[in-house]
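Before we start, here is the structure in question, set down as structure tokens.
By letter and in written order, the chains are A, B, C, D, E and F; residue numbering begins at 1 in each of them.
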Amino acid sequence: MSSPRFQQGMEKLKELCVADENSPTGHMEIGDSFKDIAPDLTRMVVEFAFGDVYARPGLSNRQKVLTTISALVAQGTPQIGMHVITGLNVGLTADEIAGCIVHLIPYVGFPRALNALKVAQEVFKEQGVKITLAHELTNR
Amino acid sequence: MSSPRFQQGMEKLKELCVADENSPTGHMEIGDSFKDIAPDLTRMVVEFAFGDVYARPGLSNRQKVLTTISALVAQGTPQIGMHVITGLNVGLTADEIAGCIVHLIPYVGFPRALNALKVAQEVFKEQGVKITLAHELTNR
Amino acid sequence: MSSPRFQQGMEKLKELCVADENSPTGHMEIGDSFKDIAPDLTRMVVEFAFGDVYARPGLSNRQKVLTTISALVAQGTPQIGMHVITGLNVGLTADEIAGCIVHLIPYVGFPRALNALKVAQEVFKEQGVKITLAHELTNR
Amino acid sequence: MSSPRFQQGMEKLKELCVADENSPTGHMEIGDSFKDIAPDLTRMVVEFAFGDVYARPGLSNRQKVLTTISALVAQGTPQIGMHVITGLNVGLTADEIAGCIVHLIPYVGFPRALNALKVAQEVFKEQGVKITLAHELTNR
Amino acid sequence: MSSPRFQQGMEKLKELCVADENSPTGHMEIGDSFKDIAPDLTRMVVEFAFGDVYARPGLSNRQKVLTTISALVAQGTPQIGMHVITGLNVGLTADEIAGCIVHLIPYVGFPRALNALKVAQEVFKEQGVKITLAHELTNR
Amino acid sequence: MSSPRFQQGMEKLKELCVADENSPTGHMEIGDSFKDIAPDLTRMVVEFAFGDVYARPGLSNRQKVLTTISALVAQGTPQIGMHVITGLNVGLTADEIAGCIVHLIPYVGFPRALNALKVAQEVFKEQGVKITLAHELTNR
């Protein structure tokens, strides 16, 4: 488990997750939770998803997480919460995250967007973050 | 057709599309092409998609288009090309656009990502743009 | 918030929802519930979804809701329940709603249809409505 | 191939398709075209899709086809054209079919709706049908 | 309800489900649970899904269930658990079922695969089965 | 490009593809075709998809390809043809491949299954293979 790609993945994971040690994001727990039925999953997540893909140059961490959240909104998969936390860790604001989900309404429709907004809303409450554009958006 | 929202949408559309008058993006042609069977579609696209959503504060144009492309990659819808052109218009680089699609492989799987890469590749050729990180990515 | 489109949307919403004041459908609560993170969502829902789209001529309310339910069955999104209530409000029968879901089995497969049937079944129980063709369908 | 269900399916198929013998809808050709690799497909289509499902009481033919089109718009599958033809055969108007697709924009997003509108537009041209609400929709 | 196809479907259902009478799979309960709103559903499930499709020659039962699980992983529908039980009943091992889900990561992405792994993990616990390749997979 | 995982992936790729040198499957061309915009894609495909996933113990090659085809049928992605060729290479019969697609009708609906059948039918013609159960299936 100590290939260069694995090391690279672990470093990237730490960079994405421990900006604030009080807000774990769940990425590191994924592999562990499936050790009994897929013991090589940790290696795949760390080496491929983080060592190959997240560690890739060309996009900022903020762009990478915004891109991820957008795809999950479109898919309707329930893992969005974990990535909203990661987004806050790497410096995306609540305005950017909520704004991304609202931006997708014309592309994915209201139902998928509303599902995602609900998850983001819960994470924002847990993390104690708020949007700052509330006044401006109210009076558009 | 001259509501404040419609004006706002038209301004936003021009901002997104005519950075380079030689690269039309197709947004403005959508409504026209369906005038015979949905004559109010232009108004919906301009007022809602552009006046309400694209003109919304909180995300940069570059973030908005990256977010859009990510959702379409996940959906597998064929309209990605039009948004890749818009992305180049608002200042996304070929590295960012291709990087966004590659970044989504762990989330949407290879098939949808490869379909989107092919569309981006064709637009890049037509527009004469190249990625600049080729050397760095080759030697990872 | 008092554009002509907003007025039109509010009127349509009332028409769809308060046929029976005891069966709220949830459409009016959507915007309110996201006021903190997307304060302009109410306006988008009312102006676009109801003022532009539901208020559009060409389909009856019953056709509009049946069409909506069909798309949500295919998508597998959980908001079907709210639209089943709206369907009953505008005069769709339980036979038509359950029939629509069963009709889609050859197009969307059993899993998505069964998920939707379960949601409809719960709404029918809450609202005290029954299908009338039970005998005829049993003996086909 | 002469079970009561097969007879029922064939009768239903004729009812749906030969309103106008000049506009075949393709349902009857499906099975034939796969005879070499799935010789029992015709029976499944006729017995199940038409004998069991289309012949089911509870919805009118017009409702059945509108429901089918709505699900295919949401799925993004390319078979919509065949069902638009069937829709015209059973008495749906071009206004109803185009209206159904536009109605779904808030639920499935613009990309899937625009793809479907394009298919409907082509069928309308081939069949020589037009929407009648053009004036009213233009001046909303 | 005693057509030859229905008989064939019931026989197939028994073959798939009662290898171990202590692990019911839920297939037989589907129709019953919707008797009030879709009384002909049992017949459709038994005649079409089991009599026509599962009873079809050409694939082994193990192949049929593996194929079904793979499609449900890709769809993201929650019925996977029932089919994991059926898989164990017809002789698929926990290694094959978990292996199938992990195999799909490059095609459907991590989120859908992880959702499915979680369902399989719960069924494996309930049924008291384990993967046997744990050691080999750990040390790849 | 010569990590142990890359070697493992290349070996697996050869095993899957060159059973018959006259039927290339396209897997090896994927990376090459995107060299200009994603030069690290080849490494990801070979190391992850083939070195990590296809080389994983627990499923036979035939099971792996059947599983892949099933997921792609459900997704509706157009890459099925390449995997049908791989399936024939590793020893799946035309009966198994066509049977798998027909088996999925109750789960994914007719439209996605028919799309996939058409692709398989074309590959079978190109490769000169036929189903052997035609007679038996015709007379069910």
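The working rule: a residue touches a chain if its C-beta (ideal position, glycine included) is under 8 Å from a C-beta of that chain, and two chains touch if they have at least 3 such contacts.
Heads up on the chains, UniProt names are A, B, C, D, E, F = Carboxymuconolactone decarboxylase family protein.
Given the structure is predicted, the values throughout are model-derived calculations rather than measurements.
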Touching both chain C and chain D (chains): A, B, E, F
Reference chain A; chain at largest CA-centroid distance: D
Same or different contact residues where chain E meets its copy chain A, judged by the half mark: different
Chain A-chain C separation of Cα centroids, rounded to whole Å: 32
Interchain centroid distance [CA atoms averaged], chain B/chain E, Å: 41
Set of chain E residues in contact with two or more other chains: 40, 43-44, 48-49, 53, 56, 72, 75-76, 98, 102, 105-111, 131, 137, 140
In the complex, chain C residues that touch chain B: 3, 5, 40, 43-44, 47-48, 52-53, 56
Residue ranges of chain A touching chain D (in the complex, touch as defined): 105-111
Touching residues on chain C, where the partner in the complex is chain A: 30, 34, 36-41, 43-45, 49, 72, 75-79
Footprint of chain C on chain D - complex, ascending: 48-49, 53-54, 56-59, 63-64, 66-68, 70-75, 95-96, 98-100, 102-108, 131, 133, 136-137, 140
Chain F to chain D touching residues, read off their complex: 76, 94, 98, 101-102, 105, 109-112, 114-115, 117-118, 120-121, 124, 130-131, 134, 137-138, 140
